[in-house]
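Chain IDs A, B, C and D follow the sequence of writing; residue 1 opens each chain.
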Amino acid sequence: MIIVIRPNTSREKVEEVIAEVEKLGYDARPIFGTNQTVVAAIGDERTHHTLESLNVLPQVEQVMRVQKRYKLVSRESHPDNSVVSVDGIEIGGAKFSMMAGPCSVENEEQLLMTAHAVKKAGATILRGGAYKPRTSPYEFQGLGKEGLRLLQVAKDETGLKIITEVLSERDVEHVAQTADILQIGARNSQNFQLLIEAAKSGKPILLKRGLSERIEEWLLAAEYILSYGNPNVLLCERGIRTFETYTRNTLDLVAVAIAKRESHLPVIVDPSQGCGRADLVRILCRGAVAMGADGLLIEVHPNPAEALSDGQQQVDFNSFDQLMQELPPILKAVGREL
Amino acid sequence: MIIVIRPNTSREKVEEVIAEVEKLGYDARPIFGTNQTVVAAIGDERTHHTLESLNVLPQVEQVMRVQKRYKLVSRESHPDNSVVSVDGIEIGGAKFSMMAGPCSVENEEQLLMTAHAVKKAGATILRGGAYKPRTSPYEFQGLGKEGLRLLQVAKDETGLKIITEVLSERDVEHVAQTADILQIGARNSQNFQLLIEAAKSGKPILLKRGLSERIEEWLLAAEYILSYGNPNVLLCERGIRTFETYTRNTLDLVAVAIAKRESHLPVIVDPSQGCGRADLVRILCRGAVAMGADGLLIEVHPNPAEALSDGQQQVDFNSFDQLMQELPPILKAVGREL
Amino acid sequence: MIIVIRPNTSREKVEEVIAEVEKLGYDARPIFGTNQTVVAAIGDERTHHTLESLNVLPQVEQVMRVQKRYKLVSRESHPDNSVVSVDGIEIGGAKFSMMAGPCSVENEEQLLMTAHAVKKAGATILRGGAYKPRTSPYEFQGLGKEGLRLLQVAKDETGLKIITEVLSERDVEHVAQTADILQIGARNSQNFQLLIEAAKSGKPILLKRGLSERIEEWLLAAEYILSYGNPNVLLCERGIRTFETYTRNTLDLVAVAIAKRESHLPVIVDPSQGCGRADLVRILCRGAVAMGADGLLIEVHPNPAEALSDGQQQVDFNSFDQLMQELPPILKAVGREL
Amino acid sequence: MIIVIRPNTSREKVEEVIAEVEKLGYDARPIFGTNQTVVAAIGDERTHHTLESLNVLPQVEQVMRVQKRYKLVSRESHPDNSVVSVDGIEIGGAKFSMMAGPCSVENEEQLLMTAHAVKKAGATILRGGAYKPRTSPYEFQGLGKEGLRLLQVAKDETGLKIITEVLSERDVEHVAQTADILQIGARNSQNFQLLIEAAKSGKPILLKRGLSERIEEWLLAAEYILSYGNPNVLLCERGIRTFETYTRNTLDLVAVAIAKRESHLPVIVDPSQGCGRADLVRILCRGAVAMGADGLLIEVHPNPAEALSDGQQQVDFNSFDQLMQELPPILKAVGREL
């Protein structure tokens, strides 16, 4: 770390900082500049006491980290792309992954119709929420275990793999019986206890970026999962909160490129949550592909206008078909295929 | 709700919207304006299907809610201020509440020294983290049950009430044995399963606002707790995430005034997390008092420079004493007292 | 507009609102709902007094606009794409536009080398700042008129068209003698006096989106230019300010798709300002193309490490060449060409 | 500056960085750490070429500034509070300043009624917009020179000093004939040409913070004015743009405390723009006083519901009177007086 000392600090006060730095286990190297002194603290920042606490000393102006805080998820520790296998389907390799299905599992007919439709169009993984985190307690909270049972029916009937959200540590075990991928939602992106419990299941985990999570924090949340022994993490960009009001969120497509550069993990894009508007989903998918995403997670519903949750961002079967027809040329242009 | 129809939409297409609105259980009242038609949907928005899904219809330009989404937490449902009793100490009444103590419980000496110091200065509630949600898995995660044991020792020795964070549904029961107030942190502000479990304990709950949680969402999270039968909620403003980089967060003091206006619940301010800088804590406390806060939650440490977590935002005993001396005149100016 | 009345308001107080609405020139239509009354105010919102001021009445809960605030820039007023002609080069049609050149004009050699290099690679418009808006008064402010003279030299020698920023109303006339496109920077995105003066020149204007400008506000700024009789506006997305710190700005590629949908004007993307990192420029260009942009504005410098301004975001000639080779397949996939 | 070199960089590549640092005029001091090397560049960052451009070198991970970028506005260069004299009225000293008046000058009766009312209640400076920067070209743009004439009438009749906004470099001279303080609005906060022109007038300048301007950038904008020889700057916090939608802006009261700490300039708070809601103005004023503001700028109108601009945020005479009665005890508590 670099500790910046305020201008006009006495030599004695600098020595005080040096002593504190060394007490906390680092080697201290002061550099006396033209206007200000800085103290370089030598030592591994990830295994030592942080020095940010030195900001409380009146002669310290700021403390700057030098090292990155994540390790296992970083490109440096694993230069090649990771490929995550979901019961035989590979994510992060040359083939692009399509995950699609309704926001919420509502009933058997709705789910099966959608499963067949997305499979026919080319999806290999079925999404569908059984447990729904809703902003208001008065909104539809999902079918729970009955929803999981229906997902199992759809899986048995279509052979599609299943991705579904888990909201509670207590649910991890039984959700993992049906799910091939455990989804951690944006609101739980830093619910570390849930991350740890999900990690222990050994299942692939799709980790959504929090609403206002910096990329560094997102990668550190993934680092929790890897550090608990589960390397099968899919990062998922799903829109961040900004000042813009035209869309529900601002899909941060640049974060896809950055996550691919900083980390070896596959990156999935959720354009439905990402903007909250069905009419923008297809164009966002194009952008996601061009920016290097490894897959898409899309909300599809037989009749979005009457959906029990987030109808405004779900596309109908027809739209999904069109999407699946327009993606291949762009995929090809960036060296990928469906 | 109000459904705004796009300009130049045919009468037939408006009828389609009206039919859908009525199908979803509302009375529809079209109003034909100079340039555009709107359809007013009459019915209780909190008990009916949302109409936001109608945004998927091409002739719909936007859907606007009319009603507020929260009920039990609203001033309308409870015009007087709620006073929450914490084992005999009242929060939200004429007396202002001081909660203080270390960010993390580190060891017995640190905790007891701090407990005695803050009690002597006038605090009545001791804070201290046993379970710590940390951005990186490599950072100090708290002492866990040993931390709770030490908090119990401090409680027994000083008579201070205890507030401490709970991170996991599974911990609610045993944390509630020591804690007089369960703290839900910003990262778990929309971890609804944890909110529900904490609600069921019957204990007072301090609910921190999420990093980018709108005030409406914060109140809806509180609504979860009230709707599960626990009215003892303290709202806590602790800084929001903005573009500003001078401080770690931007303490939103205006939100204090708004929460007091919209809701009957007491509002607490956490200036330590709120800006992440010990040197600003005292001035932020003044502002919080002037803006109508009912109490403060302050991080105090015997030696912040060597704290195991967030030393940069913890004040020392001397600073805390000064704070306790400068608040009374401002409290008095706004009709409160310590 | 829709005026939402607070719950439990007396009939008399509703009448007061109705009277005020009619006094301000609208027809008022009250709708008495299950829980709340709303008053629909009928009249053209763009030519009448705004009713937002009615928020000051205690019985009014909120006032909601129905109409869009922009007119000339909207798709509704001009369903086809506008094509802007820059001295014979068309922007917004089938051909994609490449504008490239140094952040600042530094000297003749630097500018001419760059002009020749970008021309050879396929650019048709040369960018280069003569007047530079710099955050600090101690930073390089541009060469001013000498910079314009050098741009004219480059134009004469290469035949490239020129785009350059204008900072001051007083400079519009002489900048317009050399510039084929006047650039209005992000900091001046709502400097309406400058917009009006630039509009009067009749030159095409590239209007950058402000750092925290909502899309609606950006379009309204363009509306100023059109309403002063100049239809030749290019919208330019150049990154917005968010909480993310990995990049200087967050390039909002979704805004490209939205601007194309809401407006008929061409949309250009500036990936250099957009993220502030040269190593991300190429991938951002891919995303911009896929999202429907009509052109790119790229900073290119012979030796970025020694650039007098923003070296960190300028690509070198080699990078620019590679970019120009990798874009055509993506352009083709979305039906465009260089 | 500190240049952080990527892990595992060869000694030769580090030498390359050192050579570049020295070429750009700094002394380079490499420090070889446990995991990474950093190069400290010694030299005054404000007078040398920035090294941020070195980010383009592939072996460079990041470049960190050490020094603050502002000088004349900093506390270090001027440890005492600056007091700005506005034609005899001192701002920034023991006396707190009240500036009040309508958002826009609408007509003589409206302005004079308001001037007399605010004077009677205790204000010493009259605000009123003659030139109005409006988001839409279809909104009321102010009375222009006729507005200035009316402000002069009000000044002559009441003896109040005048603060009014200037939007254009070309208007500075004639606005300065009537205005005692030139106001630079949020949209022009980084319109450096306007700042320079206003600086040259020698008049006190109230500089509003931009909508998403970091405190550092705000102070650097003030540095422009001081560096052009005009030390009479009042900083004005007026709300920043965040994700919150309850209010128009989020008034950043913490920025008041920070600006007072970093700079010697007086700080004024505008609670009307700051939240855009008349009903919150009084409580925000309390907070502003407690946080150390030196004055307030408040919008007051005889009949806000019918105001030609921003009626929703203007208070009426009665509200203003109440405000002036409730502030003194808080002022006294923080050692100030009206």
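FYI, a contact is a pair of C-beta atoms (placed from the backbone, for glycine too) under 8 Å apart; a residue touches a chain by one contact, two chains touch by 3 or more.
As the structure is a prediction and not an experimental result, all values here were calculated from the model.
Taking the mean of C-alpha positions as each chain's centre, the chain lying farthest from the centre of chain D is A. Chain copies chain A and chain D are related through a rotation whose angle, from the C-alpha fit, is 180° to the nearest 5. Looking at B-C alongside A-C, one finds more C-beta pairs in contact between the chains of A-C.
A straight line joining the Cα centres of chain B and chain C is 38 Å long. In this assembly, the C-alpha centroid of chain A lies 25 Å from the C-alpha centroid of chain B. Rounded to whole angstrom units, the spacing between the C-alpha centres of chain A and chain C is 30.
The set of chain A residues that touch two or more partner chains comprises 212, 241-243, 245, 279. Considering their complex, residues 212, 214-216, 240, 242-247, 250-255, 257-258, 261, 274-275, 279-280, 283-284, 286-287, 289-292, 329-330, 332-334 of chain D touch chain B.
Touching chain C in their complex are the following residues of chain D: 20, 23-24, 46-47, 49-50, 52-57, 63, 69-70, 133-139, 167-170, 187-188, 190-194, 210-212, 217, 220, 223-224, 227-228, 241, 277-279, 304-308, 310-312, 314, 316.
The residues of chain C lying in touch with chain B in their complex are 2, 4, 7-8, 29, 31, 33-36, 38, 40, 42-44, 64, 66-67, 76, 212, 241-243, 245.
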